[in-house]
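What follows is one structure encoded as structure tokens, with my remarks underneath.
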Amino acid sequence: MDQNIGASKLRRFITEYKSWLYLLPAIIFLGIFMVYPLVDVFVYSFEEGYNFASQSFFGTGMYNYSYVLHDPYFLQAVKNTFIIVIITVPMSTLIALGISLLLSQITKLRSMFQTIYFLPYVTNTLAVGLVFMILFKKTAYTDGMINLLINAFGGASVDFIDGPYWAKMTVMCIYTVWVVMPFKILILTSALSSVNPDYYSAARVDGTRPLRIFYRITLPMISPMIFYLVITGFIGAFKAYSDEVALFGVDLNAAGMNTIVGYIYDMLYGDSGGYPSFASAAAIILFVIVLTITVINLMISDSDD
Amino acid sequence: MDGDKQTELYMRLNNCNSGKLNIVKKLCVTLIMSMLIIHTLTACHGSKETVSFTVPESFDESQNISITFWAKNDTNKNQTAVYEKAVSDFEKLYPNVDVNIRLYTDYGKIYNDVITNISTNTTPNVCITYPDHIATYLQSPDSIVPLDELMNDPEYGLGGSEVKFDSPRSDEIIPKFLEECSFAGHYYALPYMRSTETCYVNRDFVEKLGYELPDMLTWDFVWEVSEAAMAKDADGNFKVNGQKTMIPFIYKSTDNMMITMLRQLDAGYSTDAGQIEIFNDTTSDLLKEIASHGKTGAFSTFKISSYPGNFLNAGQCIFAIDSTAGSTWMGYEAPLTDIAEDALVEFELTVLPIPQFDTSNPYMISQGPSVCIFNKENEQEVLASWLFTQYLLTDDIQIGYAETEGYVPVTSQARETAEYQDYLSRAGEDDHHYQTKIDATELLLNSTDCTFVTPVFNGSASLRDAAGALIENCVKTVRRKGTVDDEYIENLYADVRGLYRLDRISGAGAGGPADLGPLPKQSVALIVCVVIAWICIGAAALIRYRKKRIKA
Amino acid sequence: MDYMRIERNTKIKRGVTGTVRMILLVLWALIVLFPFYWMILTSLKGYGAYNAEYIPKLYVTNPTFENYRDAFSAVPLGRYFLNTAIFTVITTAIMLVVITLAAFAFARLEFRGRNFVFVIFLSLMMIPTELVVITNFVTITNWNMRNSFPGLILPSITSVFYIYLLKENFEQVPDTLYYAAKVDGTSDFKYLMKVLIPISKPTLITVTILKVIECWNSYVWPRLITDDQAYFLVSNGIQEIRENGFGRENIPAMMAAVVVISAPLIVIFLIFRKQIMAGVLRGGTKG
């Protein structure tokens, strides 16, 4: 009995050892450039009131977290981020799914459309953000092109960049969806075309209605990819920042459109020398929120198996 | 433990693949590791050795030195050329020094980069900056070199004997400008270029409205004329220019506007030590007045409407207040213009000092880049940086840079050269000697004594931004049909205080942790949600684990 | 008779759905294309003409190529292209090796704590770059790797994002293939190289292209650690061009630079398009 335990233990040890070997390069790079900074951030978050310029801090404790949670701008940023996440992730995934389905049903111009749809991903986001800002911005001379379109349909002009909160949020969501679509369409079209056509032929022979085919065959087969998109979509949306800057400029707090990452960034470079402590506390809070949501997502996706 | 129990435990440990025990084991290991790492890192944070600088005996010309120079320009190719010429000429004089220039167009970005580099000891050697920012850099001890000793050094100081070029003596730098770079008892920077704000007036429109343009504007005059200009005719065009657009008074930089107005009225802004006094009744009155004009559309700002110059040149503005360093964009025949040829409207442009409350005691703000030096271990490197800084104050560079825009040289030496005098005298000849640019330059040359600066302390930059934000928010609110009354202003003060973290400068949060009071509702909600989520996750995981156990 | 009516109705329905489908697709294509049209348009407008337009025009009256000339003459864009190419190729190559091994370990190999480690990896994805960047800056500076290619490359190599994608992909390869290989006595590594990678080629190509695009457009990190012009990347070049005017931002030149910089990426995408769109796992277990 001892020998058997010994042999199987050895085998398992070797398999495990091999697995860790495979993981080693990734672990090294991630460890140095991601884990170490994360630990650094964690430490900063407990060093109270650390000022970057003076490189000194009061003491250790929970003051940073308390400060951040009391800060109305942080709460505003949390609210903004949540709104962006809740609106853009489902919407972009659904639209991407819709477009991918439409694409999979045509044959003639499919590659042309696919190439066109992928274009935004290729281009520099700075430039694209600038274009969007120009399209939506109201100046003293013109209401902006989008407003002209709205007027053509009989609506009133809205100041999107500098106007009421809901207008700014709308622009933000539209822009975010526009930006994340290429990747999602790419993944979904690839996933759709990998579904074995035999299933479809069988279903058609059985006379199944298209909607049923979708629910019973297509959706389950591509569900891992959909979950991947949802999970990474949530994570990406929580990290939203550079898109906001492209549209509203650097002074996001004044525009009321700050996001959590924007708040972190502001804290790092504050006018009085930067406070990595508050930034870190906010980052850890963000981390906890995103971790929670991702774990929930993972559990839902696992339970489907 | 006896043998059987041991084996049993052993087997259980081994048979548990993704069992809870393993996860617990792993968690313990991770926790211990993190404790160790945290302990080492806490020791790393916040420790820095500092070395203060003393002037070395002589400049060692055999040592090869490389210095970095972070330069700011106004997105202007001509200014970049001046910098590059400075670098190459200096390198010819001191072949052992290699100057690496890095160009910026934004003070904010310079500030961000310096802050980032302070922590890694990779700050530049010479850097163009604001005194406000220097106050923040000074929070890091011995990062910036105090210049008193260097300035007075007989060999290498200002006008020193061993300096290879004709550097100005300390009395040849305009005293007013030099004083601006001194705070906390030391000189921490040298002025590089200076400019001020001025009012570019469309004389034709003022006269068309029936007013005579005085030599010194007052605020009352400007408000009155602006309101008069809002009159429209039957077709909805403005009477004074016959166009659909007219914004009579545009002030580019609202922070300067608030600061200048408060200074002219001798009202509270801040003390030298950093006590914030801006939230007072005078400010409220000023805000209400400005809001009333913003409401009629007679007043606007750059952030709301864009460059005053564009409107002025198109005959859609009467009083455009902008820096003298923007003078090449102002006027019907401006050398640089953003608007279409056919939108230009011919008019007579007069350059006047900004409006005053008391014309016998005028005040205008002094602004412009200053240069500072960072401390390094190698004293020769610091000395080389100092020499380069002095080189920036030589006549060629001063005159060259000043002529690109409405800047004035900061040395009397440069101003008195025949070359500069000749430049000033040829006003109106061509684009390089553009009339308005020279008018603006002369205005500052003649009014140097009326200029002022705000107190410099750690956080003064935030206070300045806050001042501007007060005006911007009021104008935006009235444009959206809101009202600016006492209640609004009270709320605005509180908002701005929070937005720019003014409490950290002076107030509860300055020296140490502040007493923050109870948590706001949203935070509590957030924390509660997260906790509940994790309880649910834990429960679900447990149920699933049990189900797997039962299946197996 | 009924039959003919049914057939005609079906044909009409199909025609209608087909047209509706086309309309929707074309609509999205227009929405996607419009900003690019705008960018190209702007790049063809002269600086003065562009700033003079109060109401942005949808066409260009005097197209000019001066912006394209400026883009190459004002800054050494050719040099930046070379730097970016080197950076991209090396980073992508190393990344492919690292993530293939890691994804394989997660997807196929059994070891204790696999799920736990995977969740940890996932959680690393949640860290925003802005925060990581500062510490990495300190690390790289302490190693004296500023203004060097290793400094640019090393932190940019791993992305959990792609490990996750590849893992999902590997997991979709049916177990039977693996067991069949095992029965034949193939080692795990051989299985990876000879079976898994060829099957997953489309995904690998997708990941490669995505990484290439990411490296090509990378801005925050290179800007932070390079201040020597010899090491600038094209994204830095765009910023330089933007600020290369006479007191205002030079937007048309910037757009020209963006167009020039995006062109190689689009070409690469066009070349590899078929492989990417081909989909995964065609006929893996047939026969």
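Things to note:
We call the chains A, B and C, going by the order they appear; numbering starts again at 1 in every chain.
Just so we're on the same page, contacts are C-beta pairs under 8 Å (C-beta built on N, C-alpha and C of every residue); 3 or more make two chains touch, one makes a residue touch a chain.
No experiment lies behind these values; they were computed from the predicted model shown.
Of the two chain pairs examined here, A-B and A-C, the one linked by more C-beta pairs in contact is A-C. Chain centre most remote from that of subunit A: B (centre = mean of CA atoms). One simple way to say how far apart two chains are is to compare their mean CA positions; for subunit B and subunit C this gives 36 Å. Put simply, the C-alpha centre of subunit A and that of subunit B have 33 angstrom between them.
A separation of 15 Å divides the Cα centre of subunit A from that of subunit C.
Taken residue by residue, subunit C touches two or more other chains at 54, 110, 112, 114, 134, whereas all remaining positions touch fewer. In subunit B, 119 are the positions where the chain touches two or more neighbouring chains simultaneously.
In subunit A, the residues touching two or more other chains are 40, 139, 141, 295. Interface residues of subunit B, counted against subunit A in their complex, comprise 7, 10-11, 14, 34, 37-38, 41-42, 45-48, 108, 111-112, 115, 118-119, 136-137, 139-141, 245, 247, 304-306, 311, 458-459, 461-462, 465, 469, 472, 476, 498-501, 504-505, 512-514, 516-517, 519-520, 522-523, 526-527, 530, 533-534, 537, 540-541, 544. Of all the residues in subunit A, the ones that touch subunit C in their complex are 15-16, 18-20, 22-23, 25-26, 29-30, 32-38, 40-41, 98-99, 102-103, 105-106, 110-111, 113-128, 130-132, 134-135, 139, 141-142, 145, 178, 181, 183, 186-187, 189-194, 224-225, 228, 231-232, 235, 238-239, 241, 261, 264-265, 268, 276, 279-280, 283, 286-287, 290-291, 294-295, 298.
In the complex of the two chains, the subunit C residues touching subunit A come out as 21-22, 24-25, 28-29, 31-33, 35-36, 38-39, 42, 54-56, 97-99, 101-102, 104-106, 109-112, 114, 117, 119, 121-132, 134-136, 139, 154-155, 157-158, 160-161, 163-165, 168, 171-172, 188, 202-203, 206, 210, 213, 217, 219, 235, 238-239, 251, 254-255, 258, 261-262, 265-266, 269-270, 273-274, 276-282. Within the complex formed with subunit C, the subunit B residues making contact are 17-18, 22-23, 26, 68, 74-78, 100, 102-103, 105, 116, 119-120, 122, 326, 328-329, 336-341, 343, 405. Residues of subunit A touching subunit B in their complex: 1, 5, 8-9, 12, 39-40, 42-44, 47-61, 63, 66-67, 69-73, 75, 78-79, 139-141, 162, 250, 253-254, 269-274, 288-289, 292, 295-296, 299, 303.
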